[in-house]
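Chains: A, B and C, in written order; residue numbering restarts at 1 for each.
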Amino acid sequence: MKNLFSNVAMTVAVLAMTSGMAGAASKGVSDGVVKIGVLTDMSGVYSTLGGKGTQVGVEMAVKDFGGKVLGKPIQVIGADHQNKADIASAKAREWIDNEKVDMITGLLNSGCALAVQKLAGDKKRITMNTGAGSTDLTNKACTPYSIHYVYDTYATGKVTAQAIVPTGGKSWFFITADYAFGHSLEQNTTNFVKKMGGKVLGSVRHPLSTSDFSSYLLQAQSSGAQIIGLANAGGDTINAIKQAREFGIDKKGQKLVGLLVFDTDIKSLGLNVAQGMQFTSGFYWDRDNATRAFAKRYYAIHKAMPTMDQAGAYSATMNYLKAIKAAGTDDSDAVMAKLKSMDISDFFAVHGKIRADGRMVHDMYLMEVKKPSESKGEWDLLKIVKTVPAAEAFMPLSESTCPLVKK
Amino acid sequence: MNKYVWCALILLGLLAPFVVYPIFMMKLLCFALFASAFNLLLGYTGLLSFGHAAFFGGASYVTGYLVKNSGLTPELGVLGGTLFAALLGYIVGSLAIRRQGIYFAMVTLALAQIVYFVALKAPFTGGEDGLQGIPRGDLFGLINLGHVYHVGGSPLGLNLYYFVFVMFCLGFWVIHRTIHSPFGQVLKAIRENEPRAVSLGYKVDRFKLIAFVISASLAGMAGSLKSLVFQLASLTDVSWHTSGEVVLMTLLGGVGTVLGPLAGAFTVVTLQSELSSVGSWITVIIGSIFVICVLLFRRGFIGELGRLLKRSL
Amino acid sequence: MDISFQMVMSQVMLGLNNGVFYAILSLGLAVIFGLLNIVNFAHGALYMLGAYVALLGFTSLGPLLGMPDFHLNYWAALIVSPLVVGAFGIVVERTMLRRLYKFDHLYGLLLTFGLALIIQGVFTNFFNVSGDPYEAKPEILNGVVNLGFMMFPKYRLWVIVVSLLVCFGTWYVIERTKLGSYLRAGTENPELVKAFGVNVPLMITLTYGYGVALAAFAGVLAAPIYSVSPVMGSEMIITVFAVVVIGGMGSIMGSIVTGLLLGMVEGFTKVVYAPASSTVIFLIMVIVLLVKPAGLFGKES
């Protein structure tokens, strides 16, 4: 009975039938081209820290790789998901069904990322997420074809909380972006604040891309918490910090802490406003000679220094192409096996390794915003206070709820 | 309308997935049904609802929830979504028909906005992420709607397509029957001259409300199907932009014509998909079509065609 | 969280701040509706346009004119922006809306809906959806005022005061002057007013221009508080529609008072049960519709 429909369909379709199921698992590059899709927020609240800049990173990697792999051309296409999960998943579906896209990267915004990762997993296509933060991506939502490349809310929450709580930030109040990423960031940070002996007095949730934070800030203020934790990102973090100054909140001894901050946010806030702020990052362009060399080339194209998402997209693409070359095919299973067994080591990832749950672990950094007097140039914004080794920064594999992890 | 035209359309619908990307075809069918349901209200009763997204999107959430979290089979999920839309239609309708004309439009718009906020805030809707990963399930527990056939090298989800197509035909038939029943005649009388219909002794409000509920239910059915097709129920489906889009589809194709909403939905959905690369210029294009339609051809193109052929289409 | 007096007062103050925007916008809608009988769906988009005129005047006008040092300052923007947007409105009325007066009023709603999409779409293409900051806030309005229960930014206080002045000024002109009496008469019976030698079509055009200019004025006031973004108007307009339905369409005083009150109710809700704050206005609308279908200040027809 299950195939009642199939029989009907097959009779209708019999003339159109040519090749059936063939070609899926054979060696070499399927359909003669390796296609990489950059699906991210190109116009919205996160477009500065990801956006077109992520595509620039991917295109640079393809060019550096030589434009061809296994003798076949590599093609990059990009699209804007507008931070809407429905647009993201419709686009990804079309890419996979019609455009034969082999790998999707970028995927800023956890809501969109979760939708695309699930879909791509069902259709056996690889996602290398460089933008989204939710730890769900490598836990209950993990797939055999998904990689979470740059950072997650566990790592940023843990490193930041461990830096702030012991230096007097015992009581917290969260202002949280009301979607998967914000919830995950608040939850993870809360755990570490409590573990460190601090307490959480409350939280308030705001919609993505909020222009007026005043009423949330007032709630945070009247909670009396020492630390106002901003569990949001990009334009939302910037607006919240600016408006806190407008209401004079920072003058009353309460401190704002951004739980996910990108270089571009600091650039937009200015050192005067942001100086002294500490946060966690997976990458900083001015770390060593290799990062500086990359950043210089990147700047020449994009007119801005790369954020961790944008530099991560370069690294992810490069390693993906290396894995195809080593595997001798672009078949997803073979490439994933290669990616998970090889060392990920370049200017971006130090001590990098892709685990069974898809988490790429690498060293993370506790950053501090420089004083205006310390800054020697337009993009000389941050200093690395502490390097946190890969094994300490990320959630241990034993805690992952990903079904792929054998226990 | 001509028997041959119907047969041709049905045949076209049956063969379409072999030529056109099936997901696109299914999206088209969903919006065509949505617009037809909307047209029942605007075109045949003269009520402009600016909140129909509430039924379309609301039902898609309900279906998604029933199929995903309660494990119901897809046909029961669609039924649940449709019933929900009917109930919601009854509530919104009873409130809105207290006012007329422009007020009616604004009241429906504002009420739909409440549904939007519920979808945003309620614990089971997934907020900004939407309700993701809705399974397509087995129809009657027997036929796997997610099954993909490989025809000519391209994957085709034919089971799902024919399910959506049959549901579409069913919905369309209901609308067709309603319009051509004595009940439909009364609706048209209300559209043409409400005071006269009142003086003839018709309980106008009851007729309006019934029409509203039918329209809302079928809009809901369209939304339910869409959530199965895209495996996602999202805020876009309940937002006022969607309400505006369905007005545009109907207006563009021809208000008060049977085929108009189909043509309108076809045009708008095709435009959106063909022009997706131009980014938000699509909004500008859609807005411009709106303005041109309102200023220059208020009958829509099926309406104009009908005028040329001197018959009702 | 404890509900303290201080907390309530602070949120109500912020609510009043939002309320004055509701008031100006719904006032503009009411003025337009009174004479033209159309619901101006483009009102939100024109509010956004007003903010962008101010922003671009500050950042881009100088370089465009070849004078890189020239910036249209805030005070000038408060005048220039409503004039520019008002002129735009007049063109729209003359070329498009005018053709629709003889048809169902719903077509006016649909036309302005299309316009709203066009304007919003154009700006979405050229500007960041998440908004650009308007940095031209005058020095004198920087800083905070201690209201006793909270520190309130001077600028927001200024917005409240100037908005109230504009609202009540408009009310005074329409309800208490000769010009206003023509307007009101034109609303009741345009044919009769025409017979008295008043140029009614011109009056309609200017009224639309004025209503739209009010929206632009609100846009300039909002620019330094919220970032200037292409979607700022579309988020606002639906709430303002609900305000208009609650107040009663076409009632001048009704729209002002309802706007202010609902802003404060919204602020109060944020203290009591924050998740409901975005729906409370719509819930009130439902109740008003059940009890008094014509709106709080509207006349039963």
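Throughout what follows, a contact is a pair of C-beta atoms (placed from the backbone, for glycine too) under 8 Å apart; a residue touches a chain by one contact, two chains touch by 3 or more.
Computed from a predicted model, the values in this text were never measured in an experiment.
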### Query
Chain by chain, through touching neighbours only, how many steps does the shortest route from chain A to chain B take?
1
### Task
Using the touch rule from the top, work out which pair, B-C or A-C, shares more C-beta pairs.
B-C
### Query
Using CA atom averages as chain centres, what separation in Å is found between chain A and chain B?
37
#### Entry: Geometric centre distance via CA averages, chain C-chain B, whole Å
33
### Query
What whole-Å value do you get for the distance between chain A and chain C if each is reduced to the mean of its CA atoms?
39
### Summary
Expected list for chain A, residues touching two or more other chains, is 43
### Query
Residues of chain C that touch two or more other chains: which are they?
124
### Query
Mind pulling the chain B residues that touch 2 or more other chains?
120, 279-280
### Summary
Within their complex, chain A touches chain B through residues 1-2, 4-6, 8-10, 12-13, 16-21, 23, 42-43, 79-80, 83-87, 89-91, 93-94, 97-98, 110-111, 114-115, 118-119, 178-180, 207-208
### Query
Okay, in this complex, where on chain A does chain C touch?
43-48, 82, 202, 204, 209, 211-212, 214-215, 218-219, 222-223, 234-235, 239, 242, 246-248
### Query
chain C touches which residues of chain B in the complex?
48, 50, 95, 98-99, 101-103, 105-107, 109-111, 113-114, 117-118, 120-121, 240, 244, 247, 251, 279-291, 293-295, 298
### Task
Would you mind writing out the residues of chain C in touch with chain A in their complex?
1, 4, 6-7, 10-11, 14, 17-18, 124, 128-131, 133, 144, 150-151, 153, 155, 225-227, 229, 232, 267, 270, 274
### Message
Which stretch or stretches of chain C touch chain B in the complex?
### Response
37-39, 96, 99-100, 103-107, 109-111, 113-122, 124-125, 238, 241-242, 244-245, 249, 275, 278-279, 282-283, 285-286, 289-290, 293
